[in-house]
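Below are two complexes that have chain A in common, paired first with chain B and then with chain C.
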Partner chain A sequence: MSDGTRHANSRPQGSRIDPYFDQYAERARGMVASEIRALFAVTARPEIVSLAGGSPYVTALPLDVVGDMVGRLVADRGSVALQYCTAQGDSGLREKICEVMSLEGIRAHPDDVVVTVGSQQALDLITRIFVDPGEVVLAEAPSYVGALSSFAAYQADVVHVAMDDDGLIPEALEEAIARLTAAGRRIKFLYTVPNYQNPAGVTLAAERRPRILGICQAAGLLIIEDNPYGLLGFDGEPMRSLRADDPDGVVYLGTFSKTFAPGVRVGWASAPPAIRDKLVLAAESAVLCHSSFSQLAVGEYLATQPWQEQVKDFRELYRRRRDAMLEALAAELPDGCRWTTPAGGFYVWLQLPEGIDSKAMLPRAVSSRVAYVPGTGFYADGGGTDHLRLSYCFPLPERIREGVRRLASVIEAEIDLCATFGAMPPHGRVGPETPGPGDL
Partner chain B sequence: MSDGTRHANSRPQGSRIDPYFDQYAERARGMVASEIRALFAVTARPEIVSLAGGSPYVTALPLDVVGDMVGRLVADRGSVALQYCTAQGDSGLREKICEVMSLEGIRAHPDDVVVTVGSQQALDLITRIFVDPGEVVLAEAPSYVGALSSFAAYQADVVHVAMDDDGLIPEALEEAIARLTAAGRRIKFLYTVPNYQNPAGVTLAAERRPRILGICQAAGLLIIEDNPYGLLGFDGEPMRSLRADDPDGVVYLGTFSKTFAPGVRVGWASAPPAIRDKLVLAAESAVLCHSSFSQLAVGEYLATQPWQEQVKDFRELYRRRRDAMLEALAAELPDGCRWTTPAGGFYVWLQLPEGIDSKAMLPRAVSSRVAYVPGTGFYADGGGTDHLRLSYCFPLPERIREGVRRLASVIEAEIDLCATFGAMPPHGRVGPETPGPGDL
Partner chain C sequence: MNGGGAVTDFDHVVVLAGGLSPERDVSLRSGRRVRDALEESGVDARIADADAALIPALLADPPTAVFPTIHGSYGEDGAIREILALVGVPYVGSAASACRAAFDKPTAKALVGAAGIATPESVTLPREIFHDLGATAVIDRIIARLGLPLFVKPARGGSSLGASPVRTASELPTAVVSCFAYGDTALIERFISGTEIAISVVDLGDGPSALPAVEIVPTAGQYDYAARYTAGRTAFYTPARLPDAALDAAAKAAASAHAALGLRDISRTDLIVSESGEVYFLEVNVSPGMTETSTLPMALDAAGHDFGTACLTLLRLAAARGS
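Presenting the complex of A and B:
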């Protein structure tokens, strides 16, 4: 057995392409690269207007000032910034995070906060500690692709709950809970992006918030409130957080990816104490601890820079791009298209005329030098074939207009095709595709 | 159901301390804070000599130079350094990683490499993609506490394989594989730290390496080669990596935590293509992508700074501390103690005289102002009660000597107690404790 030679049949034999094919865990079988991923690789080419990616416009930051700040941080406090940290995260940063959350009505203590590698890691850890295979997670229809990917990784059964222009529909939530409970299913939490939702661009109306909280309280259902865009509203004050009114029943997820920079990967969860403890242990097991270098850089940025002024600048910048997109959509798109009107955040959710499949259309759109994300990525159940997500966060307004013009031509050609040959059968694959950073 | 009031019995009722107690996933039930964690919190106090933690001595880095470098990086390339990255990691950094691995005989392509949040994340992702609950992972006895924590998080059944002063014993590995296979158990991989092992401080002898590879090839068993300390050997050239001689059968894990700085949390896996693909998808689902800020900082450090000279300086610094510890152990410890002689890395593994329990002794050691890590943390099966780990990486040599003097007094007092009252019953808890950064 140990003669050191390799036996022809000694390696796992799964397949010629993947000799480990039959060795993976059950949970890994669903990990398959998106069929649209190869297409997205080309969208980085400058001739293509990408309305697909969710990259914030970090070039708007004062990079020389941030560079100076980070340089001094390492020179002066490098023995801390370059060392291990606790798994819960730097205490100075957690204090600052509480100040940030206070803008949305949350009264938190730094002990309530766990710093995570972006809010994506918070999603991963929450699912890890709560969900056994086959258990139910409730999520909006559509829902954030990265969250669906985390839920899939732990073999959750995602059940979508309908939204309208005022966000999650309370009656639909009640109905889903009643139906699943009657069927003996175990629901672990409701996952919601209440503000400027990704991908739908809609916001949970203020008057619905106490109703959603009440329904979940009555059902004993934990809420995961994911709020990356809350401070990027275009009108008035930030919406009041769900966690502000039910700290025992809501885990709040935040991030500096949109208010500062995604490249530092600093997000957080603010949670009830028992859940916080589990999250810290799970984080330790997953990554030992977050980067002190990133955490101290964010803490220093919040402490020494006019970060709220910078957020205002971001808001104005994104508002102008949203306006450019909405104007172009109204001017260019053919009849039969409908889209949402986001009051903040990065995204417009577009419904195509009947019979047009957004995924089947994508290769033709890319040929016409415009890219978007097909709607199916935002559903765990095969929904979304007639929808697509457009983002206005990264391209300049004139590029957004040009992109929408190109998209309009593609849709018109698709309508002609459809009129000539009939509707396409809906595209095959069901379930969320693992997102690339271009699909954020 | 949705009247908005809270019903007395509507929340999960698990316990008064944790209302979510009965809501967690099966895998989370084992996530319990280490009972020694509270004790470790006090070891940060300056009057205590901590021989417990595994923090590298980052103060030896030229912090002003690194600060300048990082500042310029953000000022000049901030639009990349502060933006999202691909889940596989920055391609420039992956090229540099291949150069680093070439020092240990590995011929790799940047496509083979996945950048991870420290090598801890690589451990988490490897276990995530391979291990279903109840499946076997083979690991050295003792083994790295962070790895045991990852294995436990996915409910692996860890089976330890004996080591001696030349590392993993080939015959013991063969025997374990044969025994488990005969019992119908599914073994997913062998996890090994071949160089200057944490916690044992021993190194897999060169002549054993082809035998270990041969045994695993014959059994079709994947090897996870975790090599954080490979470039920190005190004598001669780095050992040849296992992956250098079997790139299809070995996943190599590396990190910059010990050669540069743990605060950037940059590690990596170098893996066969099919496994690499799964790791990228798993990483995306876990954290979307690693920090560009950290990755570019490491890439810049490798490209512009004399990093190999710095590693030489680290080696000399750690060698002097190792010598201080070994001399003090020989001079101070009572008869009946045995310890390993590390040829690199950070750790000495100490066996106490018969009947002395290292965990029961710890509170008395802390009272005597010295700390260590009890041996049980490095076993999944309750082993290690008579062992402890001492690290020499962080304290200055005179502090190491003082710490060993204090430890010697504690052990002597323990021997007296034992002679008077008989041996203590072995300490209760079985299985690995989730590590704190102090237990690295």
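Presenting the complex of A and C:
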């Protein structure tokens, strides 16, 4: 057996693997490998019941019909579908987007609309054109993790505003604006997901909407209304959009990811003209133009398929899964847990018994073959340790019930651990730290 | 080295990667790297996961040999190797029984310690004991016995998941709870300050040989998950910047650990060389990481071995050994 003879004549060579490590911008500082992402790599396995992912149930689409439609699109209009287009997006699709928005009371002109790569790109562009490092963005507490990632990328200072079961609390918004203004801070916009919010599942009550608009108008504060789930309410008609009542003060972000399919990556922003012009230029600099193919495919789907009937089917499917989750939570979870009752969308927001840290609990949950998203991912300030997000959009109802059963035993074990050691300080690092796109 | 010869004597080989442990992502990266290196060497190498499709696939189209790169449970606790033996396919690496001893860190420490290698003083305690006897009383005794600083890690597992240093008494409960997130038994060691090194032992046909020591220097904080798998967060020095006497002692310790645990083909031993030059065994890995930030490929390179050729040689030796 030899033991180390090879090292004797070598000179130590230091290596950091990445020779450009010191060259990255400050905004890339948080882009590191993380335990949470490692755990989520496991959750894609079928053995795990993932209540983490926010993937729409696209299997419910008439995939054969969509396939035929796309085939015809290439055969009949391939020279357009496979070509560049304008940075603002296909005019035919923008007309149809206006029809979609009219369901929520918005009277828009196609010129107001900029087509984007999902609404995520609209978020990126909005933040790019408005926010300099250190400037304040107001966001709900909790807020959508993809938005927080965009804000972090532009080094915004996110200040969270409290919500309750009726959504954003007007008094809390007023207080935040007054406090920040008095401190000389520059607030760039309010970011809100008013309907079936991700992650909290709550909806901004109709009576609060004029108050929120009024507060922001008085403060000269732009509102970014992100509305991916607006047509996925389980009861009654869609809520009236904020932009419907203040087209000059609200930028509306929409997407076909939930009403059709996230794989087409088609979203949009509907904005006042001056903002729209900057968004178009920013989009051009970012991607030159969006995919013609995707835009025409969505336009064709809207024109030729009964898409509103399909949305009704989605609503019913998601309602059944929501019910399965709520029933399972009520039956299985230990005392001390509380959760929201969403009237639409994809998510339930669960509060754990005092002292339980959802991020610290995640490895045990994954070992028990159930996954969720820890609450800290939805806060920019380290909040949310005692919350977690559960999604019911993708698993079948029986899998949801099994997942909640597993989660209940994990929480019970965690309660026992907490009783043994007492409450622990929050676990790990602060900020959005999440799995891949399907989990957003 | 016995790496020569025509590759055509292989039908195909399977690189096992994935699994269900928190190290799945790391394993997939390791597996892809081994697969790519083998393909560059002209071998038909296929990635397979440890799932319900594995046994039928191995039976339907038996590979010449299997290269396991699954980390953590299944991959390193012997389970998947028992399955490979049941199916009757040769594989690279240690037999299941040796893996079981090596994967359980307290057991490995005891066996390696019995072979005369120093290892930090430690206690191993299951979660229940804290519950039944009272956490405060147990923690007080740990600190009274071992002192501070300490290092807490799951008794089974890798990639620093659930592992954390403890500098003050008030940090110990948090560290133990973090550890229990990844397993039900905690290994609490006296923290040894010094140079952190990893020494891989490979047997390419001439008997187990210790490769050059890789010194690990995180740019900030400890060598945690982020430091391990974010390129640039850790500086690696190969060979380690230690006196020859310390390097020789460390190489002997790694080779002795490999022998004491009955390991074969490949292992990586993590060691600390204290400021006074004493070598301490921390743990051993029977399915070492093969990613671009892993130390075994660095050590192979420093020793003048081509990574793909070394993998091929290991497979060839496994095939010759049979199932």
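Miscellaneous remarks
What we mean here is this: the second predicted complex is superposed on the first by the 419 of 440 C-alpha atoms of A that agree within 3 Å, B and C clash if a C-alpha of one lies under 4 Å from a C-alpha of the other, contacts with A are read in each partner's own complex, and residues count from 1 in each chain.
Criterion: a residue touches a chain if its C-beta (ideal position, glycine included) is under 8 Å from a C-beta of that chain, and two chains touch if they have at least 3 such contacts.
Just so it is clear, the structure is predicted and the values come from calculations on it, not from any experiment.
By the touch criterion defined above, A:Leu61 reaches chain B but does not reach chain C. When the two structures are aligned on the shared chain, A:Arg364 is found in touch with chain C, with no touch to chain B.
When the shared chain is aligned, chain C comes close enough to touch A:Leu39, but chain B does not. Looking at the shared chain after the overlay, A:Val264 reaches chain B, while chain C stays out of its contact range. Of the two partner chains placed by the overlay, only chain B lies in contact with A:Ser79; chain C stays clear of it. Counting the residues of chain A that each partner touches, chain B and chain C differ, and the larger count belongs to B.
In the superposed pair of complexes, A:Ser285 makes contact with chain B only, with no contact to chain C. After overlaying the two complexes on the shared chain, residue contacts for A:Val145 are found with neither chain B nor chain C.
In the superposition on chain A, contact of A:Ile17 is made with both chain B and chain C. Common to the chain B-facing and chain C-facing surfaces of chain A are residues 1-4, 6-7, 10, 12, 17-18, 20-21, 32-33. Contact residues of chain C toward chain A in the complex are 18, 20-26, 28, 51, 127, 130-131, 135, 159, 161-162, 173-174, 176-178, 180-182, 199, 206-213, 215, 219, 225-226, 228-241, 244, 247-248, 250-252, 254-255, 259, 292-293, 298, 302-304.
Every residue of chain A that touches chain C in the complex is listed here, in rising order: 1-4, 6-8, 10, 12-18, 20-22, 32-35, 37-39, 41-42, 45, 47-48, 360-364, 366-367, 369, 416-417, 419-422, 424-425, 427.
Residues 1-7, 10-12, 17-21, 23-28, 31-33, 55-56, 58-59, 61, 63-64, 66-68, 70-76, 78-87, 117-118, 120-121, 124, 128-132, 135, 146, 149-150, 152-154, 170, 174, 177-178, 188, 210-211, 213-215, 217-220, 222, 248-249, 257, 261-265, 272, 274-275, 277-278, 281-282, 284-294, 297, 434-437, 440 of chain B are the ones that touch chain A when the two sit in their complex.
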